[in-house]
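Chain nomenclature is as follows: A, B, C and D, assigned in order of appearance, with residue numbering initiated at 1 for each chain independently.
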Amino acid sequence: MNVTPTRGIARRLDLVFAFLVAATGVTWLVGETGSAGPAAVALILGLALVKGWLVIREFMLLRRASLLWNLVVAGWLVLILATIALTYWKALR
Amino acid sequence: MQYKSQAVAKPYFIAALALFVAQILFGLIMGLQYVWGDFLFPHIPFNVARMVHTNALIVWLLMGFMGAAYYLVPEEAETELHSPKLAIALFWIFLVAAGLTVVGYLTVPYATLAKVTGNDLLPTMGREFLEQPLLTKAGIVVVALAFLFNITMTILKGRKTAINTVLLLGLWGLAVMFLFSFYNPDNLVKDKFYWWWVVHLWVEGVWELILGAILAFVLIKITGVDREVIEKWLYVIITLTLVTGIIGTGHHYYWIGTPEYWQVWGSIFSALEPIPFFAMTLFAFNMVNRRRREHPNKAATLWALGTGVMAFLGAGVWGFLHTLAPVNFYTHGTQITAAHGHMAFYGAYVMVNLTIISYAMPLMRGRAANSNKSQVTEMWGFWLMTVSIVFITLFLTAAGILQVWLQRVSDNPMPFMMAQDQASLFYWLREWTGVVFLVGLVVYLASFFIKGEEKAAA
Amino acid sequence: MSGTFTTSTARNIFYGGTLFFLLVFLALTFQNEQIIPKRDRREMLANPQIAEGKKLWETNNCIGCHTLLGEGAYFAPELGNVVVRLGSKEAVKAFIKGRPAEGIAGRRSMPQFNFSDKDLDAIADFLEYVSKIDAAKWPPNVQG
Amino acid sequence: MTETLTGDAPVSRAAALPRHPPGDLAIWVFILAELLAFGVFFAVYAVTRMKNAALFDAMQPNLDRNAGAINTVLLLAGSWCVARSVDSIARDARPASVRWLGAAIACGGGFLVVKVFEYAAKFAAGINLATNDFYMFYLSLTFFHFMHVILGMAILIAVWIKARAGGYSAADHRGMETGAAYWHMVDLVWIILFPLVYVMR
């Protein structure tokens, strides 16, 4: 209990959580205002990227794992979001 | 061989191989009928030859699985079989029932067979792969239950390893799913829907547990790699198999009157089905590379590695080729399906049976491995059969692509029979390759009779 | 700490994962049963001829050569849409009836089953019923 | 060659293996398989939407975005609680670890309740998997995820029971890390699902 670095981890987790909730609020707001179009989609997909990254690194603790593991899981996240963005963009045209 | 009762596997393996020969002979008849339409007509029409071909396959694979179970369960459980006498009795019951069924197929018209065997009581016949008369189906259930009783009792009194647990689960699943063969509603959509619970959930479900268990057993024996390592990979692979394979059933529900959502679910999950097969190939090669002993039975090692590769190609790659709904819309029910079926059955289930037979038969005949000469002959059989099936698959794929193009895709779709005529070159090539396969099978069988310097049993 | 891989965890994941995907599959099956009444033309089964025709279809092992909605053997034409392809039930019956007992020299030949007119009616009714099942626009064209 | 034949080969291999994330490797194989399945599902959704953008845009406003957002927060909170629980056990703060786990399970339960209300409204409107392509995907994806939440909760409850019995310690809590990793995966998937299905237009 008296080891400072581990308390630091708890605080770090709290901050990550606070950020995740705030980001979710923004995404919700985009939905509530009925915002459509590339800018709104770029915003929510960008937020999803950051949220996913934080979950992977801080909650799943991949920051303790090797680069390969990070590449695989984060690569999944990037690939999916890129696919979504690409199909959205193509549907616009 | 460490336990006397393991020897009951021997008649099962011998009968399996005999039925294998029958299967191939009837396959050649059918192949010829594809290009020489009235060959043996009306005495052995195509549908009869096909019943014998497919049912002989199913029965011999089951015989092989049972033999494999009788062989490996006592060794895994470290105890004698619960009842060797029951195993032998069941063997004869099963063999006679299968023999009588084939005689029935060949000697009387199918409608007559249906009538005299009481199909009116509970109509179950006349559906693909489930053509067996009611009596035979009931016989299969009885034999399966008695067999499972024997195996389960053996495992209960002995050591419970991952291998015999997975094997037992696969065998019980096999028996349970077969019960759906008794459900045949008038509603064709429901009939087809639950028919797949037997067919798909067998070959892309519970049979793969049996396959995995047999392969893991042989790999432990021939490589000497730690059981712990092999068993945990076994669990991982069969997890992937069932995770993808169960919902993968949906790839049969695209065009049979079932809702469109199956096109999405079926495509996604069946597209992932190659993964466990790929994992299995990696696993087999990895274990052999990490081997801690040089087992004298090289032929068994070859069969084990071959199972991994060919199952991946046949079930994995050739399955993936036509599993996505937009592709399957054009390929459904064509020679593409036949191509996949041939390589998948050979690569997964024929080869795993030949793997355990190759490993266990020498031991049951009192030696660790066959003579070098015998093994070389067996390996010739391996290569002849395996290369043949690859070419049979390629020719059928070519025929299928042509068929799809002419009959389904082109602007002026050609009638079925005209399109078939266009593909006749490929059917001839397939038939000749089939002859080579038969030669391979004869060479393989000949290896059992070749003597020479043998190594004593360990 | 990292890099562990235990048999017991692998085993638990196997059992849990299998059970899980089985449940998902059963849920999809449940939904399937709710939706197919709109697609499978079960109301047509009020005509007992169709069940009789299906039985004749089965006990003569038609599936051993033909496909029905794409399933079966690939030796002879698809029959799910045969009533549409030949134009009428009468044409289907005439075709079945007209098969020569000794086959056609050198060609793939359909056996002469010697069906009674009543049997032929039942078979034609069954094939008509199959042609009306909503098979998601399959086959791609009338040639099956 | 000789090295592969010697008994100690696996040990030297283990040292060369990449540093794995916390938890048992078996769960990570399973997680990767699940991510792949979800990933393909998302991609198929995206492509179908691309081809039917008008239908998807017309249908999407019928979804309950509030419920979706609340559920997002519940899953994030659940994930956070589990992360705090693992952090607590790493400091050997066992009672705290158990409490955090309990909170995570409560969040998961909250998710399920909200989702059941959301589904009830849709089912009452006669919507099912055959209604149209949009609802087919909406129901398929959310239901598949819903089932994962249930599975994740089953795992968390098993971990919670063991934790209460004192089964984990700072020295050995790999089982808890294993369950935690799976639970975070369920959260991660929803982080994409929510904007994709409920918001993007």
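The criterion applied here is as follows: a contact is a pair of C-beta atoms (placed from the backbone, for glycine too) under 8 Å apart; a residue touches a chain by one contact, two chains touch by 3 or more.
Since the model is a prediction, treat every value here as computed from it, not as a measurement.
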Task: Two chains joined by the most C-beta pairs in contact, as defined above - done: B-C
Open item on the list: On a C-alpha centroid basis, what's the spacing between chain C and chain D, in Å?
Closed with: 39
Task: Geometric centre distance via CA averages, chain D-chain A, whole Å - done: 14
Open item on the list: For chain B versus chain C, what separation do you get between their C-alpha means, in angstrom?
Closed with: 23
Task: Distance from the mean Cα position of chain D to that of chain B, given in whole angstrom - done: 37
- [ ] Quick one: which residues in chain B touch 2 or more of the other chains?
- [x] 232, 235-236, 239, 243, 259-261, 265
Task: Multi-chain contact residues (two or more partners), chain D - done: 19-22, 26, 30, 36, 129-130
Open item on the list: Can you list every residue of chain C that touches 2 or more other chains, as numbers and ranges?
Closed with: 2, 5-6, 10, 13, 17, 24, 31, 35
TODO: Just say which it is for the chain contacts: an open line, a closed ring, a star, complete, or other.
DONE: other
Task: Interchain pairs in contact, sorted by label - done: A-D, B-C, B-D, C-D
Task: Contacting residues of chain C [partner chain B, same complex] - done: 5-7, 10-11, 13-14, 17-18, 21-22, 24-25, 28, 31-32, 35-36, 39-40, 42, 45, 50-51, 54-55, 57-65, 67-78, 101-109, 111-113, 129-130, 133-136, 138-144
Open item on the list: For a test of understanding, state which residues of chain D touch chain B in their complex under the given definition.
Closed with: 4-5, 7, 9-10, 26, 29-30, 33, 36-37, 40-41, 44, 129-130, 136-137, 140
Task: Residue ranges of chain B in contact with chain D within the complex - done: 226, 229, 232, 235-236, 239-240, 243-244, 259-261, 264-265, 267-269, 271-272, 275, 289-292
Task: chain C-touching residues of chain D, taken from the complex the two chains share - done: 14, 17, 19-22, 24-27, 30, 128-130, 143-144, 147, 151, 154-155, 174-175, 178
Task: chain A to chain D touching residues, read off their complex - done: 1, 3, 6, 9-10, 13-14, 16-17, 20-21, 24-25, 27-28, 30-32, 34, 36, 41, 44-45, 47-48, 51-52, 55-56, 58-62, 64-69, 72-73, 76-77, 79-81, 83-84, 86-88, 90-91
